[in-house]
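As structure tokens, here come the structures.
Paired with chain B in one complex and with chain C in the other, chain A is shared by the two complexes that follow.
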Partner chain A sequence: MSRPRSMRQNARGYLLTFPAFAFLVVFFVGPLIVNLFESVKNEDGGLTYAQYVRALGDAYYLEVLGDTIVLSLAVTIASLVLGYPLAIAIARSRGALKSFLIFLVVTPLLINVVVRTFGWMVIFGRSGFINAILKLLDLDTATLTGTWTGIGIAMVQVLLPFMVLSIASTLEGIDGELEDAAITLGATPLKTIIHVIFPLSLQGVITGTLLVFALSMGSFVTVMLMGSNSTMVLPLLVYQQLNLASDWPFAAALGNILIFVVLIATALQLGLAKRGVRR
Partner chain B sequence: MSNPDAESRIGHLSIRDLSKSYGQTKALSDVNIEVQAGEFLALLGPSGCGKTTLLRSIAGLVEIDHGEVTIDGKRLNETPPWKRDISVVFQSYALFPHMNVRDNLAFGLRMKGVRKSKIDTRINDTLKLVRMEDFKERYPAQLSGGQQQRVALARAIVVQPRILLLDEPLAALDAKLRASVQREIRQLQSKLKITTILVTHDQSEAMSMADRIAVMDNGHVVQIADPTTLYRHPKTAFAAEFVGDINRLSGKMDYSGQCVRLADGLAVSIEAGRPEGPGDGDAALLMVRPEAVRISRTPVEGFCLTGVINDVVLIGDRVNIYATCVDTTVKVVKLTGSSDAEIFLPGEKVFLSWDQADSLVFAA
Partner chain C sequence: MITRLSKVTLSSLVALTFMMGPSIADDPLVVVSSGGIWLESAKANFVSCYEERTGEQPEVLTINSSEVLNRIRANPDNPPIDVALLSEIDAIRAGEEGLLEKLSADNVPNLADVPEIFREQWNNYATIQNFGAMIVLYNKEAVPEPPADWKTLIDETIEGKYGDRVSFPAVTMAWGPMFTWFLTTLYDGDEDMVFEKYKEMLPNIANYWTSPVDAMNMFAAKEIDILVYWDGRAYAFAEENDWAGAYIPDPGAFQSAAMIAKVNNGSDKAWTYIDCVLSPEAQLGHSKMIKYPIVNSKVEYPEELAAVLTPLEAVRQPEFRSFMDKIPDWIERWNKEVR
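For the complex of A and B:
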């Protein structure tokens, strides 16, 4: 009886999404399509997959792709391991303490990437903070600048908030009495987290890991500033092909490979999510 | 479960001088309760009086400020909740949504290290006990409220706890279902002989299920007694009003006449010797249960109140008669069709009286 009306309301609802939809088509889908064409365009206007053969047939590019994936995986896992306890702390705290913890977690996002990276370089440098302490303790000095470890640490710092906030928001939705029930049934706090809290927070874990993985796969400023010759990632390669070599078709092909890897990872995780989060 | 071993029969709980504050709020003040092994105690009190806090203190889920909780003489204060062997059924049931019924029950058994070979039989026996054996594979979201309630109960008892705590487990059920579940829980409890504490703010639930009732008010235990004693001899006006219906008339204490003088000067004589009552000349509350009041068209011997009927309500097997006397309305309850339940009409003048022993007197 109320059908026509609700349909009209639905139509109006869809109408309201139009600006966002138009924005996405023009600035997101559009460039992706342009990018795709760019990568398969021949000099004489025909189609070719030569750029992809060039990228995937070369050991160097494959190694860079591998390094990029490994770095992103490592950053994602580190963010999860460091972020989960933080998310629990945020979900459990109340009032001023909670606001403070959230502020603490998001501060890296408020600092410009260049400034933040230089900060890390100061800390990691040959005569930086860490080495000063190592020297004081009479230990061998080491430098993390220009190494995968240093880059990873710097990236975890800025990507951690995405992980923490995704997980904290699902943790907050979990009924506190579930935890009490588990504890009175004989589960220690750790076992309660493993068997009850963690499985129920999977949705947030998946959102967080997807965000962090996708963002690390695409980030290159940290690597550009902190890295060395031996640390190369795919997005930085794309950047160089565009700005230094002006090889647009090849840059486009590399970019598409990057997107493809992220899509596969997303599909894999969402598949996992469907099996893990049962209602 | 079919053969509870002797160990599960013990479980004498004592709570001594227990206090707990949340900031400025005193949730519990010097609570003292003894629960015998196998006893069914109801904690009865209005919302916010500290029932849940007391239950959670016993389970070890809140840190208490002061006092002691012991089971079979062993102090529990330092024992963490996962080692207390105290099961709780929460008002929200708190079933694990990501586990099916079987895994919900298995959880506690696994945590307590019960051997794998025994887990299945214990789950099956317990589910049979609550008549949920056909729902093993279901997830909580696929069960009705009543079924979830039974699974929550099964999960609490399958681990054979020393103490079973129930926090308003029936509040979410509709009235009809609640009555049958009340009976089921009572039967189950007497069969398994688990020491049980049930929190409720429904006095009829407490009366029908418990061996004894502890009435709580504002963080204090006002009285602990069996339902009949509590109903007949409440220790305070609060307990009298909380358990069952009661009429209240205000007056002044007069010890020289061994009576309470109502506002219109009528003296209602009371039984001798009332140590806990008000002092001579103090304001006093005279209370009487509706079913103890006699009503007639003609004055009776001894004291009697005159009143005017203002409403007569027939409720199935009984009639509620409301009469205005002195400055209040007195409710009278009679069985429909009983000799003194002749139909009165609004506006009629009537005489009310009751036995001296039925007068309850408290300080106002």
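For the complex of A and C:
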């Protein structure tokens, strides 16, 4: 292929990305810049870091930030542990069974978040399904609404598809003969998964964990409906500041802190993953 | 190729212009309503009146007050909403920020029949469309003799008399700050005392609710026995369920309201819609459907409807300006202390 032709093709390729690039600049980067400006402007039109000092200098807001990160990490790990075997099952199945499994995984995404959360509230309620079973077994009833555990379960349910589909698509690309070779050489099925399959599916795991972590960090509807004052997360504080306190500068500062934390976490995950893939 | 592409683009733009032209000229009036039965009532009573008068159909959005305020704040010169439905405090904020146009009997004739009390705190930038109160809904079987007044209810909840089967609204619920203001009036204006009571009640509270639907679901499922809730829905529930009762504890309740206003720079057709909303026929029809009192003084309620409406004498209108600047501090205090 001649050089000018290759350059022309590259240029055409870049040109094709332009609509998406322009869309992101206008509708993603633009609002972020507005948000940044909103968080640092004072009443006289000058610049101030007061909102950031308020958020990062207060033990309560730092605690909420910590809780948000811990919740997101827990949801991500739980999604990975539950999702990986499911992803293997999907990658190895064929035909109608495969379609059925994918449909099952994707179903939670087809239901409105409020309706889905109300469903969990019915299941977790004092006289809900879980407590009815516990009562039948003559066991103590459990309180799951208003707790981190209840919120975590509800969030894993909806974020699981992102993890499963990311991993399953990578697993499908792995040559089946590698697995056969490992077993022929004496590896147990578990060892084959740990030493052969998992390292080869790392890209899918990275994609899934990034997606689930970022989505968890931004989730607030489930926490708002299922939580209590003792289960506060940063996005819910942003919502409160915007809609109840009408304190836009503080809401903008909290939002920027959230974005910053997600970016740092993403960079860390990508850095770690790069090292893992090289090995 | 480029020439052909240009032609296609140009003809598409021309076609688009023709398609958009008439729609821009005939932009429908954009109004706001709450959802559920409120939306049904808005369509049956207000929209029908507007259609009759103008021959046009308005676009009805079902969005909450803060979203309305955010949308008109974001585009004040060309607002996407003509008639706003706002909470009391958002209506005050919007009026002060120049986002609303003053109402007068010249452009809204039916306003003449709306008493001053329903609009004076808003300097006529908005008027109450209908109002309600927060009362007590209770399970008659579990609590045969509910406390007669608010302070007793709070103290008995703290003592654990009702187990942990009581639910109060949270300060972070949209009308939570108004309820907190109301409680401060019961404790001689002592905010610290009110937050102390909120804290002391916490161990014996099933939850401080932020979602009205969730709160009602819990009560309907008999997971709680006492629920502090909106009067219209509480009375309606008690009417349909023998085991439930609803009453106003002494010394009454605070007034909560839906405010209607014309958005500044919005269509002048908004005046017609607001006049329809305040007309005696539409007001009565609305009250019959939503079971809340309305504001047109010419309306006479049928006996059976009057029996389930909270009378104006039993409600106290909050002095919004006395506490609206405290709301951010109250929310922060609530988040930090009551958990």
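Heads up, the rule we're going with is that the second predicted complex is superposed on the first by the 277 of 279 C-alpha atoms of A that agree within 3 Å, B and C clash if a C-alpha of one lies under 4 Å from a C-alpha of the other, contacts with A are read in each partner's own complex, and residues count from 1 in each chain.
Definition applied: a contact is a pair of C-beta atoms (placed from the backbone, for glycine too) under 8 Å apart; a residue touches a chain by one contact, two chains touch by 3 or more.
On a predicted model such as this, the values are computed, not experimentally measured, just so you know.
When the two complexes are overlaid on chain A, chain B and chain C sit side by side with no clash. By the touch criterion defined above, A:V212 lies against neither chain B nor chain C after alignment on the C-alpha atoms of chain A.
Between the C-alpha centres of chain B and chain C, as seen from that of chain A in the superposed arrangement, lies an angle of 150 degrees, given as a multiple of 10.
When the shared chain is aligned, chain B comes close enough to touch A:H195, but chain C does not. Once the two complexes are overlaid on the shared chain, A:S127 sits against chain C while remaining clear of chain B. After overlaying the two complexes on the shared chain, residue contacts for A:G186 are found with chain B alone; chain C is out of touch.
In the superposed model, A:V262 lies in contact with neither chain B nor chain C.
Shared-chain residue A:A253: touches no atom of chain B or chain C. When the two structures are aligned on the shared chain, A:I151 is found in touch with neither chain B nor chain C.
Of the two partner chains, neither chain B nor chain C is touched by A:I88.
The least CA distance from chain B to chain C in the superposed model is 44 Å. By the touch rule above, chain A contacts chain C in their complex via residues 60, 118, 121-122, 125-127, 145-146, 224-225, 228-230, 232, 237, 240-247. Contacts from chain B toward chain A in the complex involve residues 56, 59, 61, 80-84, 86-88, 90-92, 94-98, 107-108, 111-112, 139, 141, 155, 159.
Across the complex, chain A is touched by residues 64, 66-67, 69-70, 93, 170, 172, 174, 176-177, 206-208, 210-211, 213-214, 217-218, 221-223, 327-328, 331-332, 334-336, 338-339 of chain C. Within the complex formed with chain B, the chain A residues making contact are 175, 177-178, 180-189, 191, 195-196, 199-200, 277-279.
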